[in-house]
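Paired with chain B in one complex and with chain C in the other, chain A is shared by the two complexes that follow.
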Partner chain A sequence: MGCKVLAPMVGKIVKVKVKVGDKVERDQEIFVMESMKLESSVFSPCSGTIKEIKVSEGDRIEEDDLLAIIE
Partner chain B sequence: MEKTWRELIEELEARKAHLREGGGKELQEKEHAKGKLTARERIDLLCDPETFEEYDLFATHIGRDYGLDKKELPADGVIIGFGKVNGRGCMVYAEDFTVVAGTFGERHGKKICKIIDMARTYGYPVVGINDSGGARVTEQMGALSQYGQLFYRHIQASGVVPQIALIMGPVAGGQAYSPALMDFIFMVEKTSSMFIAGPPLVEAVVYEKTDEQSLGGPDVHARITGVSDGTWADDRECLAKTRELLSYLPLNNKERPPYLVPEDSPDRRTPELEEIIPTDQKRLYNMRKVIEVIVDRGSFFEIKKEFATNLIVGFARLNGHVVGIVANNPIKYNGALDYNASDKGSRFIRFCDAFNIPLINLQDVPGFLIGTKSEHNGIIRHGAKMLYAYGEATVPKITCVVRKAYAGGYLAMCSKDLGADVVYALPTAEICLMGPQGAVNILFRKEIAASPDPERTRAEREAEFMAKYVNPTYAASLQHVDDIIQPAELRIKLIRALEMTINKVEKSPDRKHGITPV
Partner chain C sequence: MLHSSLADIISSCGLFSVSFGNALMWIIGGTLIYLAIARKFEPLLLLPIGFGIILANLPFADLMKPGEGLLWRFYHYGIQWEVIPPLIFLGLGALTDFGPLLSRPSLIFLGAGAQVGVYITFFFAKLMGFSLAEAAAIGIIGGADGPTTIYVTSKLAPHLLGSCAVSAYSYMALVPVIQPPVIKLLTTKEERKIVMKKSRKVSRIERILFPLLATLVVVLLFPPSAPLMAMFMLGNLFRESGVVERLSSAAQNELMNIVTIFLGISVGATMNAETFLRPQVLMIFFLGLFAFASSTATGVLVAKIMNLFLKEKINPMIGAAGVSAVPMSARVVHQLGQEENRQNYLLMHAMGPNIAGVIGTIVAAAIFIGVLK
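Now for the complex of A and B:
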């Protein structure tokens, strides 16, 4: 089980709302990103534990970039 | 001794019954086992009971070689005719997979061409049910030439009568371009596929191992390519949805779409929109909910639901009148238009314009999607299609700015300048050439740099810019917006604007045709 969290679109990470080891629920907000003049949330696609976080606040991201791994 | 009438009639009916069996019971059961219906069962579900008139049941194939001269291919593997759908006429062809895998031979092709010619001549939509192993190789130029004849007819009928392709089995090779030249394509889960070369050829020629579903199954065409307009669970659902789609379309381009006496009230207020649309511009919402609230209850029929989900398109009714809805959906890309959304939107707009269907445009668009990836995907030439399609359309065009309407996105979602007849704005509308951030960076760069508290100066300048320019009052003062309205009034206002503009007549310049960006 587990899943990868991918960037929904090009933009910038504004806030990282979890840390490695945190338990998360499906559809929980785990990143806040900004793009095209709007802030939006990146939600967890599954429930599990955060294994790895690949980005930090202020990082520029491309669509489909790997943001985090959940297991 | 001469035969009696009774004998002649019995012979005739026996012959017809035999031909109607197609490839026979055994092969029909094989189709059922795959979850498919037979061609005749499909026609019976598509058409109103007892309305289908078949032509060319007696048509025979032309094959002379490889022993085919001794083989009987009933109706040459395709059934054509005229039936009624919801009491309205419709031309139909359905390929019969039980007859040599529904392969496309010369006569088979001629039959399909004939029914499309009839559709165009008599002004009826055509529904083509595709289920074919591809070209009948034994007929060579006969098959190839008929593909060309068929494509030519789709092109001649384009914009004259609606053309709908149902993919209810494989559609392989050149034949895939037949649905591609029609207006709508529906596919069926698990049993349908479309590709220009199937897995064996792909492996032999480009050394890639693949299978039918990952090469061109309904998911691929609904989500990735945008070839398909909708995926349905099985043949039955697909045929029922086709009947539903036809209920929104005029029979031909000389007619108006069918009016239905509405059950919903034209005076129904829509205060639910205050719950759905956040006034906080940073919060997202699903535009689909807005559409469902404003149209006649339960009337929204979405097209290409899974493709380019940042733009929603579909048919609906407003006080009984058919309209085409084009709406940004902030759920993806914050509603920005990318190349796929531009393809999806412009094609839908052109269909509506060709068939006299007024357009309702709901704007929440931060612009065209920017960045290297978007530019390299050709957002300039693709985005141009949206502008072109709206600018070209002469049907009533009614726009509401829900929230953002920035820059090129504002124009590409049909502003006054692209010919919108009526433009409304909600109080949350932000209409501008450039957002406050970008504008303040350009206008006050020096002042911000020199300020003892640059962030504060920036915030002050942004707030001032917002108040001055980024609001519907500014746009309305310059007549870009006809009225600023409450969410609760949206349905009522759209209906009134539609009923005011419904007899609009606008002539395009006299020319052969424009050069649509592609």
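Now for the complex of A and C:
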């Protein structure tokens, strides 16, 4: 199992809510991002353990950028 | 001698001439200031409007005396001369990313769909005894666009300016309360769950051509839209050209902030006790709410009609974002989508109709002005 977390839309990472090694459930909030001057949440697409986080707070992201890898 | 000059001083002193209506208007102005500060209701506008209301109801201060008063000058040269609303649109153009609309141009229908509520409200207002010009000003509240409402009202029914503007800005702050029940009533759970396909990337050349072509098409079709449309698209050309960063930034920051100050204070200053404290003002607030709700409803319904013909279904909730309350109503749609399915990110899809709605409201306004002026 496992999955990749991709940026759902263009914007900026405001907050990273998890760290490497954390266990996450599907639909758990893992990032807060800002897009079109609005904050919204990025939810985990699957359950597992965070293996890697590719972005940090303040990073600009494009749609489909890899944000994190979950195993 | 001493006696009579003392009497003069007292009679020229405003304090003893405050009417009950003035005091009531102070309370209304104070309420708007309170909502702006404590509840963060559109503070950039409701705060100066609230203070403007208090200032307009100070006896003998004559701030709104034609030809003389300070606030009258702001109002006359800024709003009556139709300078401020187009300048606001210059800033909005520089702020607006038309990408979500360009990537799926058919969404323009949703921006038009939400304007049907404007016309429904127009007919209701006429039935309730308002004149055609007044009914147009009230209907346009449903477009959920402050500067357009002010522009239309100042041209067609200037005596209603304060109530229409305050109604538009208050309900805009209440978009997250007004829209969700209407959207839920008209959509099924299954429809709200629809995940939309990613939209295509928009090239730089499309972004640059859009303001030029949109100006040509819209202004040629609806000439009275020219002042608002011209400034809106000039601002957007500043943004997308990529070579006049300074002008783009000035339009969306400094200039926008400056004209917002004069807009707020002038609109507030038109609200004196004699013109505002009438039963018809309550009707305007009621119709304004009706306008917001019916625009939301017609936007959703047009999206559902489009779905009958589309192979790839759109989430009908994005139709509700066809009112031009940018970006609040896109956000409302996004959140409702995530209530049903957390993996559904509708924000960008809803931004398309949302910005199409701004143009839709300008066109609706141009039609009213063209027909009624």
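Assorted remarks:
Criterion: the second predicted complex is superposed on the first by the 71 of 71 C-alpha atoms of A that agree within 3 Å, B and C clash if a C-alpha of one lies under 4 Å from a C-alpha of the other, contacts with A are read in each partner's own complex, and residues count from 1 in each chain.
Criterion: a contact is a pair of C-beta atoms (placed from the backbone, for glycine too) under 8 Å apart; a residue touches a chain by one contact, two chains touch by 3 or more.
Computed from a predicted model, the values in this text were never measured in an experiment.
When the two complexes are overlaid on their common chain A, residue A:E63 makes contact with chain B and with chain C alike.
By the touch criterion defined above, A:D27 reaches chain C but does not reach chain B.
Within the superposed three-chain model, A:M1 lies out of touch with both chain B and chain C [touch as defined at top].
Contacts of A:L38 after superposition: both chain B and chain C are touched.
Residues 8-10, 35-38, 40-41, 63 of chain A lie in contact with chain B in one complex and with chain C in the other.
Across the interface of their complex, chain A is touched by residues 97, 198, 327, 330-331, 334, 338, 342-343, 345, 347-348, 351 of chain C. Against chain C, in their complex, chain A makes its touches with residues 8-10, 27, 35-38, 40-41, 43, 45, 63-64.
Contact residues on chain B toward chain A in their complex (touch as defined above): 281-282, 284, 330, 332-336, 366-367, 369-371, 373-374, 404, 406, 435, 437.
By the touch criterion given at the top, residues 8-10, 35-41, 62-63 of chain A touch chain B in their complex.
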